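The following blocks contain the structures, represented as structure tokens.
What follows is chain A paired twice: with chain B in the first complex and chain C in the second.
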Partner chain A sequence: MSAYQTGLIIQVCITIITVVAVFAMTGLAGMFSLGQAAYMAVGAYITFVLYRELDISYFLTGILAILISVFLAWLIGAPTLKLRRDFFALLTVGFSQMVVAVILLFEKYTNGSIGFSKIPRADGLLWVSLLMTALIIFWIRNLKYSRFGRMCIALKNDEVAARSFGIDVYKLKLKIYILASAIAAFAGILMALRNRVITPDSFGWASSAEMQIFLFFGGTNSLTGAILSATVLKMIPEFLRGINLFGTSLQEYRTIIYCIMIIIVINFRPQGILGEVELTTKWIRKLFSRSKDKAVQKSENYE
Partner chain B sequence: MSDAILTTRNLSKSFGGVVAVKEFSMEIKPGTIRGIIGPNGAGKTTIFNLLSRIYKEDEGQIQFDGQEITTKNQIEVARMGLSRTFQNTRLFTGLNVLDNVKVALDHAGQYSLFSALFMLPSRVKQERLIENQALDCLRLLNLDQYAKNKPSNLPYGLQRRVEIARALANNPKVLLLDEPAAGLNPEEIFQLIDFIKHIRDKYPTLAILIIEHRMELIMNLCEHIYVQDFGFSIAQGTPAQIQTDPKVLAAYLGEEERA
Partner chain C sequence: MVSQLIVNGISIGAVYALIAVGFAIVFSIMRFSNFAHGGMISACAFIGFYFQRAFDPAPPFYITILFTAVCGMAIAILIDTLGYSRIRKKKSPGIYYFLMSLTFAILIEQILTVFYGTNMYGYPKVFQNETFMIGDLRFKIMNLVILGVSVAMLIALILLINKTKVGLAIRAVAINAEAGKLMGINSGMIVTLIFVIAGILAGVSGVFLGVQYSVYPAVGSIMMVKGFIASVIGGLGSLSGAIFAALALGLIEIFLTYFLGARETTVIMFAIMLAFLFLRPQGISGKITEDKV
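Moving on, here comes the complex of A and B:
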């Protein structure tokens, strides 16, 4: 496999991890955050700045970085998740801008807007990415079909009714927000290892919005949809690389393309491409048995 | 009386200058059905919202299961076993009927987020338990054939019954029904009356408090009725007493004009 292909697969894995985390937060619990890329930045910068400064293994600093994002998520979530949803969404935008500003402020350690590039080469990153992607998908799938998933969907539908069934809406939201943020921080570390250079503007508001766009495109109620749309939409720009429009590669227009696609989807299929459909083992079995039935029918027709 | 499960004393609540409930006192014993009636805007739903702690009262006391609950919040009271339905059904549209019932049991679920994520044996075992409990509840109320349906695909009368089933899932001590017959046709109302009688038989210690407009439902089910008008209690008694009470007739039909 060429380095380009490996890089692309890891890139897609990272996107899937982030979108799946956003699925848990927005799709299940109805918290609309536009600041998840900030947790990626926290994960990436803290891991590798500390690795450089303290000269210890980046496994250790990575764990520390995830713990710090957990703490930050608690700090942001604890006061705002008591408020109405729109205030929470606004505050997450502010938070993501704040993180970028802090990175620029600590130029001495982070190298500011030029980008931090003292990131070691990691061997076997492809396998780690694939394994962790599978694990995180497994987690969030389990979450959806557990009591926590049900309670999340309930509180997304109707908070007052959820409370009247003894569901502690605030605590549950906080838990899921912290979980999603920790996963985002981990994705940030992977991204740093893949790119070997991190710049503050790659963790800005736009990349948080991209995660939401991917989620809404696939369908906020479908984990399968989130994974599929993350894969497909992340790959599309790669195929557009070769095509030129007005003298620039079509890849440069990807934000415009995403926007047009999301407008079309929201207009004509507001529940997203997959709606509430999930790919389950039962579904696959049914698909196979149906094609078998058809084969049987066909052979019967021949007779 | 000491054996009442739920009592209120002089409960009052006003919104701005509007008195919604004024010095409302009532009590209900386990295994009985009582009703609150009154014209629109009489403050009936406000009473329910005070009981289930969605609103905080201005004055008065509420005793539930031997405890003062005016200091508690909505979640704590729900966990103590005070269950309710809403005026316009508030089923969770993202979940199917079975999951709607399961959600009522979920706050007390016996496994952590960690074991949920990793699909540990404790999660599998507990999920099976919850599933059986929810199915039992649906079976008891003859709703199990709708378990896999989305609530929005069911007729309104059935949605109502599913909502009541959900409220019963965690074996509450008191069930508050907020206008269960609203929006139902006469046929469906008779089904609902049978349904509530069925519940009374299956849950012998459950106290049911009903708010309703529809007299046939109230007069059929309730042993004791409180009548509210513009926030004030104007009468109480058995259905027969209420039907002949001049104050009640005046509130519902208007006063006779004196020449």
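Moving on, here comes the complex of A and C:
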């Protein structure tokens, strides 16, 4: 495999991880955050700046970075999750701007807007990211079908009703927000290892919004949809690279294309492309077995 | 120096108040946070910039403001027809409105970025640098113009909402759209009117931001967060609270920027908002909208 293909696969893996984390939060619990890219920035910057400054293994600093983003998620979530959902969504925008401001503030360590590039080369990143993507998908899938996931779905559909059934809405929201933020921080570390340079611009609220757009495109209620749309939408710009429009490559227009697609999807199919459909083992088994024919034969025998 | 900072602070606070009110008025009727407001501000800032440059002797400033306000109105109506009208007809949950407004915000910002890059454009000099003295104090005329126009617009808006029949209808729809319909209010019209008002506010604030700072595609989204902070501190959905909070925020920001620096200010402002949500989530006005069953 060429380096380009490997890089592309790792990038798709990172996108899937972030979108799956957003699925846990928005798809299951109905919380709308625009600060997930900021947690990626926290993960990436803390891991590698500390690695540079303290000269210890980046596994250790990576774990520390994830712990710090857990703490930050608690700090942001604790006051706001008691309030209306809008407060939370907008506060996360402010949070992502604040993280960028902090990165610029510590210019001495982070190299400011030029970008931090002293990131070590990692071997076997492809296999690590594939494995972690599979693990995280499996984890979130189990979460969806567990008691926790059902509580989240109840909360998403009607918060007041969920509370009246004895669900501690506030605690649940806080838990899922912390979970999603920790996963985002991990994705940030992977992204830093892949690109080997991180700039504050790439973690603005627009990239968080991109994750939400991917999720809504596939369907908020479907994990399969989220994964599929993350893969497909991330690949599309690569095919548009060669095409020119008004003298610039069509790749420059990718966000515009995403936006127009999502406007069409919300207007005409608000539940997303896949709606509630999930790809399950049952579905695959149905595809391969001829149970239908057998059933028909059986009913004929009874006659 | 201090009194000069106060004048600057109030004048920038007045622009924040325009943004915060445009934000709060949509929230109070539609119960969603209209992110597209930031996109409209950016678009209007660029429209004003090109309008000002298109004619050789630059047109008088009030004509630019009027033209941009009309354009803001047109953009708002366009967004309403393309984005919100179908969702409204289907009575979809609020999260779709939110996502739609977000999409439009990014769409406008990206279109501007593709065509103009992320460069900053400076407005042609109108009378930014002309100053006059009262006693020992030096005032920029631009600041006073901004302050005057903003205050006039805010007063006109408050009179419209509190004193006219249309305003009564707006307040009725804000309390309960369905009951308003039963009382013979054309609530679809009211919603469009609200977007028109928001568009006008976005247009005017876009021009002012362009004149005060410079024009770049992300100007709207950055300023909108400030307008949002103001409307949270003021109590979401309350217009007068938003105005007071915006003025206070402008003052705090000017002083912090002068004594500490611009980057530190962003962080401190966010901390102020977080602390405010901790201590008094209902905002200054004490009005909070609760979800009902």
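By definition in this document, the second predicted complex is superposed on the first by the 289 of 303 C-alpha atoms of A that agree within 3 Å, B and C clash if a C-alpha of one lies under 4 Å from a C-alpha of the other, contacts with A are read in each partner's own complex, and residues count from 1 in each chain.
Here is the rule we use: contacts are C-beta pairs under 8 Å (C-beta built on N, C-alpha and C of every residue); 3 or more make two chains touch, one makes a residue touch a chain.
Keep in mind it's a predicted model, so treat the numbers as computed, not measured.
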With the two complexes superposed on chain A, say which partner A:Arg84 touches: chain B (first), chain C (second), both, or neither.
second
If we overlay the two complexes on their shared chain A, which of chain B and chain C does A:Arg196 touch? Say first, second, both or neither.
neither
Between chain B and chain C, whom does A:Arg52 touch in the aligned arrangement: first, second, both, or neither?
neither
By the touch definition at the top of the document, which applies to A:Ala209: first (chain B), second (chain C), both, or neither?
second
In the superposed arrangement, does chain B or chain C reach more residues of chain A?
C
For A:Ala161, using the defined touch cut-off, is the partner it touches chain B, chain C, both, or neither? Pick first, second, both or neither.
both
In the overlay, answer first, second, both or neither for which of chain B and chain C A:Gly94 touches.
second
Look at A:Met151 in the shared chain and tell me whether it touches chain B only, chain C only, both, or neither; answer first, second, both or neither.
first
Of the two partner chains, chain B (first) and chain C (second), which one does A:Leu179 touch, if any: first, second, both, or neither?
first
Across the two complexes, what residues of chain A are contacted by chain B and by chain C?
158, 160-161
Residue numbers on chain A that touch chain C, as the complex places them
30, 32, 34, 75-76, 79-80, 82-87, 89-91, 93-95, 97-98, 101-102, 104-105, 158-161, 205-206, 209, 212-213, 216, 248, 252-253, 255-256, 259-260, 262-263, 266-267, 270
Touching chain B in the complex, chain A uses residues 138-139, 142-143, 146-151, 153-154, 156-158, 160-168, 175, 179, 221, 276
Please output the residues of chain B touching chain A within their complex, sorted ascending.
52, 54, 74-75, 78-79, 83-84, 86, 90, 92-95, 99, 102-104, 106-109, 111, 113, 116-119, 123, 126-127, 130, 166, 170
Where on chain C does chain A make contact in their complex?
27, 32-33, 82-83, 86-87, 90, 92, 94-96, 98-100, 102-104, 106-107, 109-111, 114, 221-222, 225, 228-229, 232, 236, 263-264, 266-267, 270, 273-274, 277-278, 281, 289, 291-293
